[in-house]
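Each of the next two complexes has chain A plus one more chain, namely chain B in the first and chain C in the second.
Here is the complex of A and B:
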């Protein structure tokens, strides 16, 4: 039984990583709206976001010395071109992952996974791009759990498509298929903070989201009817709320709440979270939450708790040292809990290229017994054009 | 004309000596230049009074050669100070003279943008010298720690590996020697915790709940300061003395062989500072043992 406890965790590694980096608060970007069309992060980058990626995030070490920041930024557009019109933006993405599981054991296994090969298209209109139409389509392998929640096992599909309208700079309405507004949208889909409240790589939903940004506050209210690509009885209908408050210009603290249900299960999740900036690319992200799962028609109720602490240090431009520390207790009545510790390195050698190496150590705590730690190595390549 | 030539020659010599790192000579020379400057007593008196009383000077009443002379001496001083490598090398007189020369040039409204730029560079150098200064800091900390203990259960026919995943706390004191770029430190801490013990191999079954463990830890560290708020990224090497006594089974023929209580660890650590308080993470391995140790802690400067 002990060894099977790891299977769900292993399966979750067969997933794509999102393209959201809430740690960039440490570069002076507390809000996602500057760099992403989706105000909650993730998805295609704005022109400004592409420039930031080129000049502020990636290393300048490999560019010719004669290039200034303006020259570098001028290459940040689609296929290294400067946009010549205002209404259409495109982006191509590829993510590949070398996963070495059961590291250091006789069952060690190495697998290459093409996590994502997709195209994103943005149409934008009106003054200050107040009206946007955003879509993503391409190769996105479904998780091994997809069938169990009524998803069709399609490899070529969309993970988001929506229409957004900013009524004013402070408030916008977004309708379509997108990620739920909840918690910190960290790039690791395997994070307990994304897996337990079901806001991970295949949990997008159809719905309407209202996003607000006002006087140091930012938040979103999201009403959803579930993914229409799922069979009707599996669709999680409900709503969520995510609010953050800016403190001392540099930091954000906030909370999230989400409630949803389908024919089989009711799910309530709530969390406190914060993003602290220590300047120069160094940041601390923190989330502590609980999920209450109520299985309708039987006594399978449970309350689980999760914690996330991510540290980002930037010794030199383009290079980030990551500490990914997670806690999970799937059932508060159980005596077991898991702590997963993942030191990693994220490197942006040039614009549009991210290389990442993460080592994960998982340890089960039980006052009555001990098991051997599990180790996993993930090597990721991410390209966007 | 003769006098002006004399000044120019001296200033050129001063620059040359500055460039050659002949600072004492350059300093003497600059003093000499200022003394020569006192051969303009009337002008100097007017400038000093204007600075002291906050009055506006009529810049056009001062000759171009005189203004240029002050500007050159100011730039010469800046060049000299820019070559210093510690705050001790910049004397109070240097600082006072430079401040006076800058104030004089402001009153004379002479080459203002160049004076501002030179002043900014000088201030940046002062800041740099300050940040390079090493100092000692004492601190106290409390960490939540997890570590592993291994043992072997020897039976009549075979051996079984035992493992305890412990969690507990370490309370300690530390001393760091640091500047704005690097931090070196030493820590001493006491540990207390507990863990469940199980067999992880072999045919024998062994289980013991919440076995207490205690000990001490002495570590040395070196870290790079990676942000302007003083965040650290570094390495820690520690000697760990831990005692955790496992109960020997009452069945005849069985005994428990525990590892030596002294072991060594190498860990990566990050530290995040909030003024006099800090948060720290630490993750690493035992040296020459396949076990892992990690810690999360809070500390304060004392």
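Here is the complex of A and C:
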């Protein structure tokens, strides 16, 4: 039985990674609003975000020497073109993953996974694009979890679709199907900090979010009725709050709270998080949170805890060294906990291309049982056009 | 090992305790974010005379500012009209008791400016605030992201005793 303890972890890899990079606070972007249409990050990039991706994030080493940065930026639009109109933006995304599990053991297995193949469309209107309509539709890798939460195992589905209206540059209202506003939206959907509070790749919800920026503060209040694609009794209805405070220009500290319930379970999550910028692309991300699950079917309650510590250092433009340490204790009353850690390399050789390698070691700490360490290698290719 | 010790000794010599002479400008973006434009190519002398400080002319080449992003470096230079006015200049600076006054010239426009400063032993660290529009610079915007008119800055410069 013990060998199957890893199955849930492995299954989590069979879906897409999100596309949010909160570590880019170290490039002077503490807020996601400049680069993403969704002010909390993830989803299609704004024209500015595409340009930052081309000139600030990606390496410039492989471009012809005769190209200046303006030329590079001019190719950052959809299919390497400069937009000729103001109202429609499109984006295509692909992420593939070579996963080598049980690395170095007799059961080592290598699998290629198409994590994401999607198209995004944005319609934008009014001065300063105050009104936006955003949608993403694409391939959904089969998930063993989907059925258990009342979702049909569809191969294509909407990732998000919502309407956003900025009442002013400081405040905006967003209504539709989108990610919940909670915690640090790190790109690894397998992160315990995303998995335990249920804010990972298949946890989008229908609802209304109000986002605000004011005098060094940024936050969002999100009321939701669950995913309408789920059967009614599984829909998690509730609300969340995420707030961050900017410190000394470069850093953010904040907290998140979320409460939701369906016919079977009540879920309350809360977390403290911070993003520290060491400038020139180097950053430290931290989140410590707790989740309380109350099962309404008298199957028992549990309080779990998770932690995330990620470091990013950028020796040269386009290249990031990643350090990742995660902690998970699904039930504080049990003696079992998991620590997952490992190094990674993220490389953007040219604009619209990300290559990433992560090595993960997972160790289960349990005073009543012993399991061997597991190593896993993930090699990821990400294209956005 | 000796070479290593010698190397460590060299980098721990007195210069290691002084910050490099520099001018940093903190520019805020709208709707959110900021960047620092920094140049380490300050030219000119600050002289300490008793308790006061004087500088005839401090200059910095606009093209030497680095903002952490190459395209932004180009935009910064263009926005400050660096082809026509390649230098920013602080002239006739006189400072006493932590407050200094001088004439700041940016993009060919001269304005009086007041700064506050701290004497750090062998360096002067001065804080300055100004509005870009006072120097005839139009509001900057790139692909929907704008720049705040108000700019704060910090000058770190080694001074000489008279």
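Note that the second predicted complex is superposed on the first by the 378 of 385 C-alpha atoms of A that agree within 3 Å, B and C clash if a C-alpha of one lies under 4 Å from a C-alpha of the other, contacts with A are read in each partner's own complex, and residues count from 1 in each chain.
The working rule: a residue touches a chain if its C-beta (ideal position, glycine included) is under 8 Å from a C-beta of that chain, and two chains touch if they have at least 3 such contacts.
Here the structure is a predicted model, which is why all the values come from computation and not from measurement.
S.K.: Check whether A:301 is in contact with chain B, with chain C, with both or with neither, and answer first, second, both or neither.
M.R.: neither
S.K.: First (chain B), second (chain C), both or neither: which does A:233 touch?
M.R.: The answer is neither, since A:233 touches no partner chain.
S.K.: Would you check which partner chain A:86 touches, where first means chain B only, second means chain C only, and both and neither mean what they say?
M.R.: After superposition on chain A, A:86 lies in contact with neither partner.
S.K.: Quick one: is A:263 in contact with chain B, with chain C, with both, or with neither? Answer first, second, both or neither.
M.R.: In the superposed model, A:263 contacts neither chain B nor chain C.
S.K.: Thinking of the overlay built on chain A, is A:279 touched by chain B (first), by chain C (second), by both, or by neither?
M.R.: A:279: touches chain B and chain C.
S.K.: State which residues of chain A lie in both footprints, the one left by chain B and the one left by chain C.
M.R.: In chain A, residues 279-281 are touched by chain B and also by chain C.
S.K.: Can you tell me which positions in chain C touch chain A when the two form their complex?
M.R.: Contact set of chain C toward chain A: 26, 29-36, 68-74, 142-145.
S.K.: Inside the complex, what are the residues of chain B that reach chain A?
M.R.: Per the touch definition, chain B meets chain A at residues 146, 148, 163-165, 167, 194-198, 200, 207, 209-210, 224, 226-229, 231, 233, 268, 270, 272-273, 279, 281, 283, 290, 292, 294, 296.
S.K.: Mind pulling up the chain A residues that touch chain B in the complex?
M.R.: So the residues of chain A touching chain B come out as 26, 104, 276, 278-282, 284, 309, 311, 313-315, 321, 323, 325, 339, 341, 343, 361, 363-373.
S.K.: Would you mind writing out the residues of chain A in touch with chain C in their complex?
M.R.: 27-31, 33-34, 46-48, 51-52, 55-56, 60, 68-70, 72-73, 128-129, 169-170, 213, 218, 249, 279-281
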